[in-house]
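After this come two complexes, each holding chain A, first together with chain B and then together with chain C.
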Partner chain A sequence: MPKCTINGKEVEVKEGTSIIEAMQQSGDRIAHYCWHPGLSVAGVCRLCVVEIEGNPRVQIACNTMVTEGMKVNNTSEKVKDAVKWGLDFHLINHPLDCPICDQAGECGLQDQYMEYGKYDPEMAEAKVKKHKVVDLGPTVVLDSERCILCSRCVRFTEEVSKTNELGLFNRGDRTEIGTHDGMLLDNKYSLNTVDICPVGALTSKDFRFRQRVWYLKDGDSVCNGCSTGCNIKVYYNKEGLFRIKPVYNEQVNGHWMCDSGRNAYKFVNREARLVKGVVAGKEMAPGAAAKSASEVLKSTSGDALALVLTAQYTVEEYEAIIKTFVEEFKTKKVFFWVNNKETFDTFDGLLSRGDKNPNTKGLLKVMEKYGITSTWADLSAGLANGSIKTVVVAGPENQAVFPDYNERLKELSKAQNLIWMQAGKNDALTALTGNVWIIPMKTFVEKDGTFINFSGLEQKIKKVTNVVSEALTLTEATLLMVGKNLALPTANAAFMPNNQRDDQVTLEARKKNEFVFRRGSL
Partner chain B sequence: MSVMQNNSEKSKWFLPGILGGLATTMKHLLKNLFNQKKMMTLNYPEEKYEYSPRFKGNHVLTVKKDGSLRCTACMLCATNCPAECIKITAAEHNDPAVEKFPISYEIDILRCVFCGFCEEACPVDAIRLGPEWQTPGVNGANFIYDINHLAYRPNLKGGILTHVDDQERHKAGI
Partner chain C sequence: MSEVKVLTEFYHLPEYQTLAGYKAKGGYETLHKAFKMQPQQIIDEVKASGLRGRGGAGFPTGMKWGFLPKNGEPRYLLCNADEGEPGTFKDRMMMERAPHQLIEGMIISAFAIGSNKGYIYVRGEYVFPIECLNKAIKEAYAAGLLGKNILGSGFDFDLDVYRGAGAYICGEETGMISSLEGLKGQPKLKPPFPAVQGYLRKPTIVNNVETLAAVTYIIKDGAQVYRKHGTEKSAGTKLFSLSGNVMTPGNFEVPLGYPLMDLLMKEGGGMKPGRKLKAVIPGGSSAPVLTAEEVAKANLDYESLAGLGTMLGSGAVIVIDDSQCMVDMLGVLTHFYAHESCGQCTPCREGTGWLNKVLHSILEGRGRLQDIDLLIKVADNMKGKTICALSDAAALPVLSFVTKFRDEFEFYVREGRSKVKGTTYAEMHH
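Showing the complex of A and B:
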């Protein structure tokens, strides 16, 4: 374990740590573009320079390993000067189109320039013009003028996605990023290149120009796209969600996430959501719809009642609804709706799994806890012979990963009473007639809870924002379906004054005060 | 509140005061009759007062030489607006040289405080506060100005050309 001194602070690091990693560990700021903790070292931007005692020249910190007793600093005038001139070289051909650029507001170049910039450029030559708005593939747009050739994206396709679509072409100041002849940047992880681009050269087609980043707030959550459970940040404002980006978690996803996970925000937004509850063709508030379902549930005997669950809800919600069904309604007919059965166990080797539910393990765990062993065949048989009369379904949030949706809907609608809880709109569902209750549900960004991923790792999620505030969580819907009311948990007498005098006028006495009485409420 | 009263004998003589007032009126009447050009009043609305060119009146969106909008929908004006009266929706332009442009640009003029911060925030001289200041209207009038009004209203005679030109900037290598 070598010890080194960074900016006067003593830091102990692991063997084989580079100076830049040691600086991150000690909390020192250092300018860098091309270095990324998830990729190999390229050393092309020459910005992470530091001064090492005993060494006459400044060195790059990303490719220099820490040795015992090394004394490093990056606050000296020499280093600042080197960074300043390095930045000036980066800006030689960089266009000043921040008003158009989508990265403005979260751009590495802007940030570095504010900190180290040399505000008067001394270049007499005109900028080299390169290609603008290059269509790299179905998801990414390139502006090669803005590119500062840090090669992060190229290394990403080489090392992480291993698809090798991108390369650096030409020499000198005519170098450009591009795809190899006849290829498109078209892989399942392509949008990670947009995340790691330190400037606005690579932009996401999906997010492009839709919102300025400084109008967005963010909150941490867990992706519900598949059973990997990548840690994510969702970016939202009052108009809804706009994008999802990965958050580093070594145990789960490292630095990356897949493109299909990034689409998870779409089914959360208001235009894709059920807003009103429907009871037998009549629109109602979600809470009223759930309450009206309680009557039919009460009148159904336990044997004629079945519950169908998809693995897209949280452990707490499963606990609440299964417990209610087993203990209050006395039925153990709880069924797990498995979508895409054939590809359930597939894995692409990086992140994306065939099980497109975030909480399969959690559902199985709760079902096991209550000793539920029923299979889908029992349900089909029960529906066919009419012994199951009322079916309660907690439908999918992300309907796109349920290819058998319509088929199952048709099968379940054979039941006399169908109580369907779901977050997203669906035409086939709303077209159902007869005794059908449709209850709008909240999505994963709107509630607290736990997801258990494929490896059994429990991850807590917190409410980020409200998109459809009147929608219910499964727990709330369960309470209403039992016939109880939703009560806000209030701490008793939490805000009562505790420093009152003995002769303090109490509220009861004040109400009787003649003056207040005459004038009405103050 | 105390009330002061002048109860002196002199204050009972009101006629000199009335005559003095009439004399002032007569003086102005004669002056304006024989010297009409220096009269202090205007016959509004036939005659209108012209403010200085720096006056901050109704907004104008400037245009390029070809008559298209100069605005790049960078949202800096909307960000800087203290009254939050600007609403912009950006979209991708067919021309790669333009790249981004506003498909809708709306100013809620009833919220606007005419501070000029939008003008100052604009990096491309796309929005200016113009000389117009008369914007009367009754309830039914449209007080949300859209692109069409801001850039191409009849008074502007085809739009105000900005002095910042993209092609010139590109030639200069900026």
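Showing the complex of A and C:
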């Protein structure tokens, strides 16, 4: 464990720690672009320079390992000057199109220039023009002029996705990134390149020009796209959710997440959601719809009542509903609707798992606790012979990962009474006639709870915002179905994060962003 | 004192290119001797000779070999024949006139370092040298000098020529390794150094053509005989490519420590009639320029030139007479380096382009007086700030030209034309 001194403070680090990592450990700020903790060291931006006692030249902190007794500083005039010039080198051919750049508000170049920049720029020559609006593939667009050639994206495709679509082409100040001949940036993790691009060179086709980031709020959550449970940040405002980005968690997802997980925001937005409850073809408030189901549940309790659960709800919700069914309604006919059985146990080697549910382990744990042993065959038989009269379904939140949805809907609708709880709209569902209850449910960003991922890791989710405020959690629906009352929120509270005024913009990324300038009041 | 032909003794003989001609002059006899030595003995002999890398950096060859790990891991020997430094053309002559000399040097070196595979990385434009090398390698294989169990020694060594696609930076050892690996020719971060992790992440030694050729002579006659030439810190002879405004440009082999003025006047035949010496770039275009006064004090060795703030580099001596415009010359150099920067490190990628633009603004009559200081500031902030030395190579000429010939730059800015030639850039070039 070598000890070094960084800006006068003694720091003890693990063997093999680079100076830049040691500085992060000691809380010292350092300019950098190309270094990324999840990628190999490129050492090309030359911004993370430090002075090391006994060394006449400044050195880069990303490729210099800490040795015992090393004395490092990055506050000397020599270092500051080197960084200022380094930033000017970055800027001389970078267009000043911040007002129309999609990265504005989150741009590392802007932020670092504010903190370390050379405020008396001397470049008077014409800038090198490069390609604009380069279509790299289905998800990402490149503006080559803005690229500062940090090579993070290239290294990502080489080292993380291992798809090698990107490369650096040409030489000198004509260098550009691009895709190799005949290739597109088309892999399951392509949008991570946008996350790690420190400027507005790589932008997400899905997100670009849809919102200015300063009009967005954000909140932490856990992706419900598969059983990995990637830690995420959800970006939203009154208009809805706009994007999802990964949050570092060494135990779960490291720095990355898959593209399909990023699409989770789409089925959360209001246009994709069930807003009104429906009972026998008649629209009503979700709470009223749930409560109206209490009579039929009481009358068909016992073995005539079945509960079908998908693994897309929280542990707490499972606890509430299974306990109720076992103890109040006296039935152990609880069934796990396993989607995509054939691919359930697959894994792509990085993050994405074939089990496209966030909480399979959570569901199984609660089922085990209540001694549930029912199989789908029992349900099918019960429906076929008419012994099961009422079926309650906690349907999928993300219908796209349930390829057997229509088939199951058809099978379950054989019941005399079908109580279907679900977050998203579905034409086949709303087209059902007869004794059908449709109850709108909340999504994972609208509630608190616990997901247990594939490895058994319990992760808490917190409510980020309300999108359909009148929708119910499974717990709330359970209480109402038992006949209890709830104080339900009104629609007026929509899109309000917890304990926050709507004029407060708290972009967490900006507060914690390593690049952000700590300046005084203006 | 004049030329001392150690390496180039038989270069005038056309048959020296062939295996028979080379053998007739004692070629490959040293190889027999080397195989009777222990590899470490060869390394020790090279160390004792004081041989320094002839490619430009001047790093002690034996010491470089000593950095190889002792774990018996497979290792590679790469011959750097990229020779991209403007003004340098010595390796070309060696490959054309004496390819077997290089091959013999490589076999001995490979035996010393325990490598069974070598590549000669030649710049793509060198079509004829590549033909010469390939022909010689074929002859050597046929004669059992390459391949399995060379001369019954039990030592195997395979050798191939690799033709580069033409990038200056592929002459930098890690850039060369990237290129050889099939990647874009971009230098790699050091550490790890190639001797520890080089080609295909295996220990690799990269030596220049001239360095490897010199190994044969060191083993043949012994380190002490080799050391009789040159100075204490710069041992042996060295090939100098003399170009520019002298009567008889060409390659000349002289002992290190040889007076620069003698090279110009004796080997180079002096200045052209009516012309005066103005400056000399002593070690390839990246070396800081010397004024005529400094040239008079300079000897061609590492320490003398370092004392004058410049370097021996690859030994490419470029002579500039009083008819030359330093602004225009620097314009050519900055254009070259802006074109050749690999684009990896920001100060080099953007700085070389910036220098080129500022210089051409001046040349095209759009310059401002502050641009002269700007050139110095930009160059200063490129120096020592990048993975490889291309940034320094671009910056050092700028710093030395502008500092030592500032009056020419100021005149150009004020008048919009060359102080020396009296003409504008357009008139000079069209």
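Methods note: the second predicted complex is superposed on the first by the 485 of 522 C-alpha atoms of A that agree within 3 Å, B and C clash if a C-alpha of one lies under 4 Å from a C-alpha of the other, contacts with A are read in each partner's own complex, and residues count from 1 in each chain.
In this section, a contact is a pair of C-beta atoms (placed from the backbone, for glycine too) under 8 Å apart; a residue touches a chain by one contact, two chains touch by 3 or more.
The shown structure was predicted, so the numbers you read here are calculated from the model rather than taken from an experiment.
For chain A, the partner with contacts to more residues, out of chain B and chain C, is C. In the superposition on chain A, A:126 makes contact with both chain B and chain C.
In the superposition on chain A, A:44 makes contact with chain C only, while chain B stays out of contact range. Applying the stated contact rule after C-alpha superposition, one finds that A:276 touches neither chain B nor chain C.
In the superposed model, A:210 makes contact with chain B only, not with chain C.
By the touch criterion defined above, A:71 reaches neither chain B nor chain C. When the two complexes are overlaid on their common chain A, residue A:98 makes contact with chain B while staying clear of chain C.
Of the two partner chains placed around the shared chain by superposition, neither chain B nor chain C is touched by A:188.
After overlaying the two complexes on the shared chain, residue contacts for A:323 are found with neither chain B nor chain C.
Overlaid on A, the two complexes show chain B and chain C touching the same residues of chain A, namely 125-126. Only residues 72-76, 79, 90-92, 96-97, 99-100, 123-124, 170, 172-174 of chain B touch chain A when the two sit together in their complex. Chain A contributes residues 96-100, 104, 125-127, 129, 132-133, 208-210, 212, 214-215 to its touches with chain B in the complex. Chain A makes touch with chain C in their complex at residues 41-47, 49, 57-58, 63, 81-82, 85-86, 89-90, 92-93, 122-126, 128, 148-149, 151, 167-168, 170-175.
On the side of chain C, the complex with chain A involves touching residues 167, 184, 186, 189, 191, 338-347, 349-354, 357-358, 361, 368, 370-371, 374, 377, 381, 384-387.
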